[in-house]
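Which chain is which? They are A, B, C and D, in the order written, and residues in each are numbered from 1.
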Amino acid sequence: MINVGVLGATGAVGQRFVQLLADHPWFHLQTLTASERSAGKPYGRVVNWRLDAPYPDRVSDIVVTPTTVESLKGCDLVFSALPADVATSLETEIADAGIAVCSNARSHRMDPDVPLVIPEVNPDHLGLIDVQRDRRGREGFIVTNPNCSTITLTMAIAPLRAFEFHDVRVATMQAISGAGFAGVAAMEIYDNVVPYIGDEEEKIETEIVKIMGTFDGSEVSPASFQVSASCHRVPVIDGHTMAIWVDVKESIDEVKKVYATFKSPISNLPSQPAKAVELLEQPNRPQPRLDRNRGRGMTVSIGRIREGLRFIALGHNTIRGAAGASVLNAELIYSKKYL
Amino acid sequence: MINVGVLGATGAVGQRFVQLLADHPWFHLQTLTASERSAGKPYGRVVNWRLDAPYPDRVSDIVVTPTTVESLKGCDLVFSALPADVATSLETEIADAGIAVCSNARSHRMDPDVPLVIPEVNPDHLGLIDVQRDRRGREGFIVTNPNCSTITLTMAIAPLRAFEFHDVRVATMQAISGAGFAGVAAMEIYDNVVPYIGDEEEKIETEIVKIMGTFDGSEVSPASFQVSASCHRVPVIDGHTMAIWVDVKESIDEVKKVYATFKSPISNLPSQPAKAVELLEQPNRPQPRLDRNRGRGMTVSIGRIREGLRFIALGHNTIRGAAGASVLNAELIYSKKYL
Amino acid sequence: MINVGVLGATGAVGQRFVQLLADHPWFHLQTLTASERSAGKPYGRVVNWRLDAPYPDRVSDIVVTPTTVESLKGCDLVFSALPADVATSLETEIADAGIAVCSNARSHRMDPDVPLVIPEVNPDHLGLIDVQRDRRGREGFIVTNPNCSTITLTMAIAPLRAFEFHDVRVATMQAISGAGFAGVAAMEIYDNVVPYIGDEEEKIETEIVKIMGTFDGSEVSPASFQVSASCHRVPVIDGHTMAIWVDVKESIDEVKKVYATFKSPISNLPSQPAKAVELLEQPNRPQPRLDRNRGRGMTVSIGRIREGLRFIALGHNTIRGAAGASVLNAELIYSKKYL
Amino acid sequence: MINVGVLGATGAVGQRFVQLLADHPWFHLQTLTASERSAGKPYGRVVNWRLDAPYPDRVSDIVVTPTTVESLKGCDLVFSALPADVATSLETEIADAGIAVCSNARSHRMDPDVPLVIPEVNPDHLGLIDVQRDRRGREGFIVTNPNCSTITLTMAIAPLRAFEFHDVRVATMQAISGAGFAGVAAMEIYDNVVPYIGDEEEKIETEIVKIMGTFDGSEVSPASFQVSASCHRVPVIDGHTMAIWVDVKESIDEVKKVYATFKSPISNLPSQPAKAVELLEQPNRPQPRLDRNRGRGMTVSIGRIREGLRFIALGHNTIRGAAGASVLNAELIYSKKYL
C-alpha cells in the first residue's frame, strides 16, 4: 500500500478526496491537512461534512495536521485540494522534499515540465515526470489534472482526434459546487444564471490544447485547434453541462460511431469507469441530475449529436472534474511505476 | 379606442396579455376567450392567476366566451395566445371574418404573405398586410411575432447589420415559463438542465432569417446568414439567457458602440421601451433575475462582449418574447393606419 | 425465493420498487405491470427512468403486462404502487385470487381488518392477516403501509410511547417527489411554498392513531392522543422534514435518551436499517439533502430536541415513506411465515 | 420635508430602504452610509444593486459617507440597517446627538424605554419616546421594528386580541433574503431545508409579547400568552410563510370575520397598505411567490383557517419585515409630531 495524504481535506474537493480514498485498494489514507485552527483535532470533529453519501467512519479519528511539508512525513504521495495561492509554493516544496503531488490546483498546470493529464486522453504525458525530475534534480514531482470544465470538454473532444478539426466552441452550464461550499451565495444563483466565471474561459482554452498536444519525450507541443468558450453558472448542484460545436466534416453517424466505440488507452485502474465516454441516444439527454453519477461520477456522457456538428456533453465536476481526476492520475502513476 | 380580445386568456401567455392590456391607452379589452368549460363565467372566477403582479380588477367581471369566431363580435383586433394546433385554422377564419389578428402562435409565422415582425427590427414587413389582403381577398389579416427565443436573439443580432457576417451560433438557457404553467414538471428541471426543447432550434434558425430578410413590396427574401442553435432549459422562472457567437470582423469597441447607439426605427408606441437593447458594462451581466424586467420586460440586455466575437443576450420570454411582442406589433399596426 | 410483482411499475414509486427489488435476497422480481399502452414491451423500453441511481439491467428485459389479476400468474406477493382509484377494487380482486398484496395505496389502509404496519412500530398488527383471511374466506390478503408523511411522523413519535402524551402538532415541509413525477409543475413550486396538500392532513391524523393503536387479537383500538397537522410543499426533491410538538412532561435529556437507545422490535430483515431512528446532535440537523439517505433511505433522523417539547424529524419519502416501507412489510410478512 | 439618511445602505435591507425612500413624499433621502471602503464614492458606483426593481437614478450620485455620527449632519431621522454588533453603541450615540433613529437592528428592541412598534398593532407604544427622552435627557430617540418573522406572526395574531388565548405555536418557512445577500450559501439551501436559524426562535418568542403588551404611560407590561416557535430556512427568495396554531375557542367563521373586518388603527400614512391583513379564500393560499407583493409588500396574507385553530400567514420579509416596517414607523412618528 502507498501512504497518501490530502492537503486541504475539509473543503468541497477535499471531502471528495476523503470519500474516494477512504477504502481505496492501493492507497492508504494516513494524513489529512487543514488550517491551523483545525490542526490537532480528529477529522470527524472539525469537518462540516456536506456530501450526501454517508461519512466514512475510518477517517473520523485521523488527527488533522497543519498544511505544511512537515506534516507529510511518511506520505509517498499527496493529493492537493489547495487554493491556487497556497498551492503555488507549497506544492513545489513538497515535491522538493521527495514526495509525489497529484494536484487539482491550477498553479502548475501550464508549467512546461509538469504533466497535465487525463489518463484516457494523454497518459504518455506522464513522461514529463522524468523531464521534471531531471531538470529540477529531485525525486518528488508534481502531476496536475485540468480544471473541472476542461476535463469534461477534453474527454468529449478527444475521441474526435480521428478526424480533422480546427475550431471548437463551447457554452458551459456549470454547477454551483464548482465554486466550493461557500463560493456562490443562494441570493446570487437562485432563479438565475450568472454568465461569468472568473478565469474559467481562459483555463479551458489554454489547458485543452496542452492536454491534446504532442509529447516528444522532452516537451509538449500544443494541439493546433482553437477553442472559444462562454462559461455560465446555473442553479444545479453537481454536473457541468456543455453545448459544443466542432468543425469536423464527418457525418453524424461516423461521429456517433467514434463515441460508441471509444477504447480507453488505460485499463485495470480502480477508479476507471467501464466507459470513459458514454453515448446516450434519448433525445433529451444527458441531464446533470440523471446522468452525473454514471460510472460512479467518472463517465462523461455525450448526447444530441446533430449536424453542425453540435452535441451535448456532461461530466460530474467534483468527481471526474476534480478529486476523481486526481485519484485516477495517481493510479496511473502508480501502475506506471513512477512511485 | 380599438376594441380588442384575447384568445386563450387563462394560460401563461394569455394572463400576460390581460396584464398588459388591462389599462392600455389605445386598446379597450372587451373579450376574453377560453375553453368551453370556462365560457359563461366571469374571468376572475375561472382564471388561476399566477403572475406575481397584482390581478387587474377591471377585467375580473368580463364574462369569458368560447374560443370561436362568433365570440369576437365587436372586436377590431384580437391577440392570439392559442396553441398551434388550434391557431392554424381558427386564426385564418378570424382574419377571413374581417378581424385583425396579432398572433403569438407559430402556425402562420412562415406563411409567405404573413408578416413576422419585431417593430424595432423590420417594421417595413407590415407591408405584407397589403399583399395578404390582396391575395386572400379579405380585410382582416394575420400578423405574427416570433418565438420567444428568436426575439431575444434577433434583437441582439439586428444592430450588427451594419457589419458583414455569415455565421451565428447560439446556446440558449431558457426559462421554465416558456413552456406554460404546466409545461415543465418540477421533478424534471429542479437541480437539472434539460438540453432539449422540441422544435425550438428549428424555429430560431428559420424565423430569424425571415425577420432580417428584405421586403421588396411583394415578398420577403430571407437574410443570407446561417444560424446554428443549441437550446437548453434551466431552472429559471422568467428570462432567456443566450451565449452568442457572430463572425463579424469588427473590433469589440466598434461592436459596443453599435449597441450603445442603437436607435429604434419606431417611436411613440406605448409599450416600446426607452431602449430596445441595453448594453450592460458590469462583467457578470446580464442575469435573468436582475435584468429581465428592464424596460418593463421589453428591453433586451447585452453584455460580456468579447473577442470571438462572443457576447451574452437576455430577454424576458413572456413579455418581450410573447405577449409584449404581440401588443407592440398591434401598436405599430395601429400607428401605421392598418386598422 | 418468493416470486413478486410490482403493480404500476413505471411511476415514481413503481421505479423505487424496481430499484429495491432488482437484487433482493428473498424476492424474485418476475412481473411488472403498467398501462395497456406499455403492455407487451420490455420494461427498459417503456420506462422513463428518473432515479439518479443507475438503472438495474436485469429488469430491462422483463416484458410489461397489463395491470390485471390475470397478469399476476405465478406471483406469491405483489407490491402495489397504484393510484387509489384503481387500487380499491383491484387489490381486493388480487387478494381474493389468493395473492398477498403489500400496498402503498391509501385505499384499504383504514379497513378494520387490514393491517396498517410499520415493522418497527406495530409488527403485531400483522395478526390482522388471520382476521382478514377468516372474515373474507380467502388465502390472499392485503397489508398496507402508511402515507409517506405519516410514516416519518409515526416513527418519530413511537419511541415516546414510554411517556404519557395527548397532543401532537406537526408542520410538514414535504418534497415534490411525493406527488409523483408530474404531480407538481415547476412554475408552482419554484421560489415558493404551497401550504396545502390534498387530504394529507386527514391521512396523517387518522393513520397514526391506527398504527399506534392496540391490537387485541381481533381488532385495533386506536391510540388516544390527537394529532393536528399542517402540511406544506417546499422546493426539495426528496425528503419530508417535520417540526413536531408533543406534550410529554419529561426532560429533554430523558427524551434524547429514548431516541438514542431505541431498539427496533424486528431484526434480520434485509431492508431494515441499522437504526430505525437516529438522533443527530448538530444544532442544524437533520436536513433533507444531507440526511435523507441515512440507512439507505430507511432511517428517520431526529434533531433539535428542545423544551416545549419540540423537535425536527426527517424521512425519505419515496424510500422509507413508500416503496421501502412496503418492501420492509413484505419482509416481515415472510419472516413471520404468512406466505 | 424631513431629511433622512440610511445607515448601512449597500446591504440587502439597506437597498430596500433606498428603494422605498428614493421618491418618498415626506422624507428627503440625503445621506447614505457604508463601510470606510465605500465612503467618498457615489452610491451608484459602490452598490452591488441586487433588487429586481429598477435602480432609482436620483440616489446614484449621492456620495456615500462613513457610518459615523459625524456623517449625519443635517439629518432629522436616520434608518438603521446595521448589524447588531455595530448598532448597539452607534444608535445610542446618534440618538444622544439629537437625531431620531428608526432601527431594524435587534440591539435595542427589548430596552424597556425603547418602543418596539408595528403601527397597525401598537401605535400607542410610541409614548415610550417621551419616557426615553426624559430618562436619557436627550431630544433624539430610538424606535425599533421587530425581527422579520416576528412582524408577520404578530400581524397575524393581533386581530385575535378580541378573543382569549394563551398558547401560540408557529413553524416558520423563511426566505433566504432574510439572511442578507451573502448569508446563505447556495450549497446549503438548494434542494434543502435548514431547520435552524440562530436566535430566531428566541426573538419571536420575546418580541411579540412586548409588542402586544400594555403601555400604561411609563412602561410596557408584556402580554400574557406564550409562544413556541420552530424556525426553518427554505429555498424561497422572499417571503416568510408560517403555520400557526392558537388556542382560541371561537369558531372558524368568527375568526375569519375578525380578519375580514380588521381595521387598522392608523390612516393616511404613505407606506400603509390598503389592508394590513388580507384573508385569502383559495384553499392553497397564501404562497410566497404569488402573494408576497400584496400591498406593495406591506400586507400580511392569511389563509387556510381550519379548526384547531390553525392557519397560514405570509409576509414579505425585507419589505414588511424590515425596511418597510421601519419606514412605516417613521411615518407614524412624523404624523404624531415626534419630530
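As a convention for this text, a residue touches a chain if its C-beta (ideal position, glycine included) is under 8 Å from a C-beta of that chain, and two chains touch if they have at least 3 such contacts.
None of the values given here were measured: they were computed from a predicted structure.
Trainee: Looking only at C-beta pairs in contact, point me to the busier pair out of A-C and B-C.
Mentor: Between the chain pairs A-C and B-C, B-C carries more contacts.
Trainee: In terms of CA centroid distance, which chain is the most far removed from chain A?
Mentor: Most remote chain from chain A, centroid-wise, comes out as D.
Trainee: Averaging only over C-alpha atoms, locate the centres of chain C and chain D and give their separation in whole Å.
Mentor: 42
Trainee: If you average the Cα atoms of chain A and of chain C to get two centres, how far apart are those centres in Å?
Mentor: So the centre of chain A lies 40 Å away from the centre of chain C.
Trainee: Just give me the whole-number Å value for how far the CA centre of chain B lies from that of chain C.
Mentor: Those two chain centres are 47 Å apart.
Trainee: Of all the residues in chain A, which ones touch at least 2 other chains?
Mentor: 50, 190-191, 235, 237, 289-290
Trainee: Applying the document's contact rule, which stretches of chain B touch chain D when the two form their complex?
Mentor: My answer: residues 49-50, 52-54, 190-191, 289-290, 292-294.
Trainee: Going by the contact rule at the top, pick out the chain A residues touching chain D in the complex.
Mentor: 12, 50, 176-177, 181-191, 235, 237
Trainee: Any idea which chain D residues touch chain C in the complex?
Mentor: Residues in contact with chain C: 169, 171, 173, 190-196, 228, 230, 232, 234-237, 241, 243, 245, 283-290, 303-304, 308, 310, 312.
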